[in-house]
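Shared chain: chain A. Partners: chain B in the first complex, chain C in the second.
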Partner chain A sequence: MRKPIPLLVAALALLLLVPVAFPHLKFVITLAVAKGFAALGVALLLRGGLISLGHAMYFAIGAYATAFLGSKAGVSDLVLLLVASTAVAALAGLVFGAFLVRYRAIFFAMLNLAVSMVIFALTSKLYGITGGTDGLRVAVPTVLGWAPGKAAFDGFLFYLCILLMVVLGWLVHRYLQSPLGHALSAIHTNEVRLEYLGVSAWQTLLTSYTISAALAGLGGALAAMSIGHVLPEFAFWTESGHLVLTAVLGGIGGVAGAFIGSVFLEILHTVAVGVAAEAWNLIIGLALICVIFFLPRGIYGLIEARRGSTKETGL
Partner chain B sequence: MTSNSASAQPLLRAEDLAISFGAIKAADGVDFALQRNEFVAIIGPNGAGKTTFLNLVTGYLKPHRGNVWLDGRPITRMAPRRISRQGIARAFQIPQLFTDHSLIDNLMLAIAAREGIWQGLTPLNRRAYRDEAMEVLELLGLAADAETMTGTLPEGLRKLADITLAFALNPKLLVLDEPTSGVSSIERFRIMETLMNAMRRRGLSALFVEHDMEVVQKYADRVVVWNAGHVMAEGTPAEVMSNPEVLESVVGVV
Partner chain C sequence: MFQTIVPLFVDALANAALIFFVAFGLTLVFSVLRILNVAHGSFYSIGAYVSASIGLWIVSAGLNPWLTFPALLVSAALVAALFGPLIERTLVQWTYGRGEAVQILMTFGLFLILEDLQRLVFGVSSYYEDTPVALLGSIEIGGIIYLNYQLLLIALAVVALVAMRVFIGHTRMGRLLAVVVADREISEALGIDTRRMFTIAFTLGIFLAALGGALATPTAGVAPGLGADTMVLAFAVAAIGGLGQVEGAALAAVIVAAARVLAIYLFPALDAVAPYLVMLIVLLVRPYGLFGKPAIRRI
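Our next item is the complex of A and B:
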């Protein structure tokens, strides 16, 4: 039952070697992990049977919160920035979610899309506040009093992303194993029965929605620091679509799936652009078709299948 | 409230319950009472409003008129999840299970729901829940299928599995909608025997809709006959079965 762990540990060890072995991939992986958090948020909702086509908005909210707090409120500490940005995204998730999780299926997907497009419009039109389509610059933060240069910070951020991925990934895994996490997947299979057991589907989904918004917001904050700039495009619907794709591609059987999908896509993208600058979209498209045809449970399904069990216990 | 007055009043009471769907009066001023430890069967022709009554009692439908009390407390118009917490557990005509979870996971989730679903990061799969779930499964003769995905269980067992979910809530009243429909006649009595034994051992009361008159005669303490949205007759199985009106409209014997 615990077979995925050695494989995941091996993959993690490989990731940790990236800055030494492939320094040019460091930025790519940092960004992949940051987006992985958002994809994990989407994957959580997929467990409850809901597809959000607007989750990039929380990624953008986290990113813009970091940019704002840095440039307008003078917050420069990394820990404060991450915590505050995640909290802002979680709050937004709680407020929008209270209304959105009343809906199911295509209505839920479309309403998320609609709200995200409002956020996109606001970020691109309110030039005086958000910098419009120019976006906002994000200064290199300090780390508990240490003021690193950009290069040193990037190195630090890489390892921080990996650490957060492991710690938060484990916490989300624990959440999915808890009664509330099981109730989430139970909504997918039988909402009526769940209500008759005395559990509120709305509360269960709202909790999950808020957690998913927080994860996406954290990802956005990390991405903002890594890129050093935020843009309205972060909230654009193609980004939301990309997150759903990442979650499905990676597989929702385990928490690791979202990160595997994200790293896979980012590396594939980098390689494809290098090999065929004009046709990278084609290469990615073909790779996706292959995964969807041959790995219906996502890339994570490869690890899961080795256990010969369909129980959802994967990390 | 003293225990005396609590036991003097019926466990479930409905008064003047009414609901209509368009021109059809599915419940038309129904008065109903069920005492503690009673097994009451509801019979009646198709469309008489039997399942509607269960839906009204369990909160799936809101009555246009009238009230329902459980243990003297009003439960009218409460949502199903609140009524479940008040002590009415329901099993369905078509089993409602978490089909991609194992049977024991289904049970553990029901137990966790009863105890309060907000339990931080403590795993669902824990010793206390597992032991209790196995106890309920043994009581209903399903222990051997504990690890089976409920979606792959045969129909008869799925029916019982659905009932065990209701059992796991430790309800005061069990509401069963045709517990033996869609099950072979031999299996039917086996299910009912298991169920009745389990209910007696837990001291449960039950309200069940049933079509099979043999099952009703054998297991019900009291029978309530439904017709066109109201109670047409009630009494012991023997009394009801000797009522010519009932025989004509329900059993189909002229």
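Our next item is the complex of A and C:
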């Protein structure tokens, strides 16, 4: 199977032209890439055959970490905020993951859902700490001593998101090609056989779970900076459902899939708001069912050039 | 303390009875079809919308207000007849034998579609129709006033539980369902039309969810977002009891009600967290729920 490198580079070049050609799409794409990181995290777990109905909680944890560090701890540096928020989400993923990855199938999905709903209920109820349903405001951060205005920062954040997408996407790609990444896919195929080979399924899954939480947390931190506000709804279960939807729509066959799905959905959303704002969920619900029926490998599967082996990487 | 705890508990139990109907349907569908229906909560809110609309129509048309009671049942039956066979025969049937990821995604897609359909049909304003509550009035026991309607809800949940036991144990259709639950392949070999059983079970599950919603309108009303909120609560109750275990779901509903009362009494802020916290604790100790049996890991 050949990776569609030229196509991806072309798509990337198009994205880089967005601020020049369609300035109003800049925010949309920034948010899409941020959500794409979370969808990539979900896609990682899907490769291991696990469906999480609670990953929006790590997105929310990352977002709230950014808001907290900015408002309560007085951290205003972008790099520090991103690193710290990602670390907090990764730590949460490591702690929750340590017991969650013992479960499979529906039980894994439901336990993730339970944890995420606890987080959701706590963030919306603990008014004194989290601001309750009003959420928290996120100030414009400084960048290594440079204190930009909102407009300049938005422009900077856009390119930063694209840069992070390329660098981290490549790293995740390398991870999936590594023995650890292959072990992850092997869990989906035959977990017992993998354990007979002496590979610990628990360790393999915990590693991938922690990475997926870190990715979702980074996405949440970026989204918090881009939107300038965090809300408990970030952790609601329907958001987790949307992340799975994004991952599957884009395709889990390659790292690019999650971002393709996310950018596609956000642009579609922007278009649909003008035409049929009332029926947005209807549209993506139908799109999702169509993808399941006719395009099990997602959009990525569509552009991926098949040659020789036709390994099924769809659901 | 008694004076505060008991009314709180009755209130929580009446709420839990409504959630129990949804969890009951969810668990029934799961045990027969082996599918976790993420769109199940939507039928709760659709049932609520339909019953509120019919109830408001009965009142505005000047008909006998007692007609609102059969209307609750009729609206649930309407929703089940309209959606049950249609959805099972088209979308759900396609996912049989595929992974649970596909099943969850398919029903999530359905959930999104139903959410918007509700908005398009019923608008975004909330509906409220409390004729049944007003008709039944209230009763005073030991110096505490209870709404008769809430007591009726709790009684109805018990009736539904007993009725299901009788249905499964003493009718032909119920026994056939039990056979399909026990072993799908053998029942097919015995000549049971499993496809028909699936349709019946799915429709029955939707009926229960819609009934819960219909019964909820007189006390709680209905507004957008109700389906999503109910879905997770029903998940929690069904999971605590053990997926596929109806008695487990009933016990879980009582536990959740008790936990909420305890939370309201001790930490009011944690009221909404209680059901999920209970779910988390129970599932960590017994991943298959209180009444569930662990599945055998196949190589």
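Rule of thumb we're sticking to: the second predicted complex is superposed on the first by the 297 of 315 C-alpha atoms of A that agree within 3 Å, B and C clash if a C-alpha of one lies under 4 Å from a C-alpha of the other, contacts with A are read in each partner's own complex, and residues count from 1 in each chain.
The rule we apply is simple: a contact is a pair of C-beta atoms (placed from the backbone, for glycine too) under 8 Å apart; a residue touches a chain by one contact, two chains touch by 3 or more.
Only a predicted model underlies this, so the values are computations on that prediction, with no experimental measurement involved.
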With the two structures laid over each other on chain A, which partner does A:27 touch: chain B (first), chain C (second), both, or neither? neither
Once the shared chain is lined up, is A:174 touching chain B (first), chain C (second), both, or neither of them? first
Classify the contacts of A:199 with the two partner chains as first (chain B alone), second (chain C alone), both, or neither. first
Is A:159 touching the first partner chain B, the second partner chain C, both, or neither of them? neither
Is A:99 in contact with chain B, with chain C, with both, or with neither (first, second, both, neither)? second
Kindly classify A:189 by the partners it touches after superposition: chain B alone (first), chain C alone (second), both, or neither? first
Could you figure out whether chain B or chain C reaches more residues of chain A? C
Find the residues of chain A that appear in the contact set with chain B and again in the contact set with chain C. 190, 192-193
Partner chain A, residues of chain B touching it in the complex: 58, 79-82, 84-85, 89-90, 92, 96-102, 105, 108-110, 112-114, 117-125, 149, 165, 169
Which residues of chain A touch chain B once you look at their complex with the stated criterion? 171, 174-175, 177-183, 185-186, 189-190, 192-200, 204, 310-311
For chain A, which residues are in contact with chain C within the complex? 46, 49, 51, 53, 99, 103, 105-107, 109-111, 113-115, 117-118, 121-122, 124-127, 190, 192-193, 236-238, 241, 244-245, 248, 278-282, 284-286, 288-289, 292-293, 315
Would you pull the chain C residues touching chain A in the complex into a rising list? 36, 38, 91, 94, 98-102, 104-106, 108-113, 115-117, 119-120, 228, 231-232, 235-236, 239, 243, 269-273, 276-277, 279-280, 283-284, 287-288, 297, 299
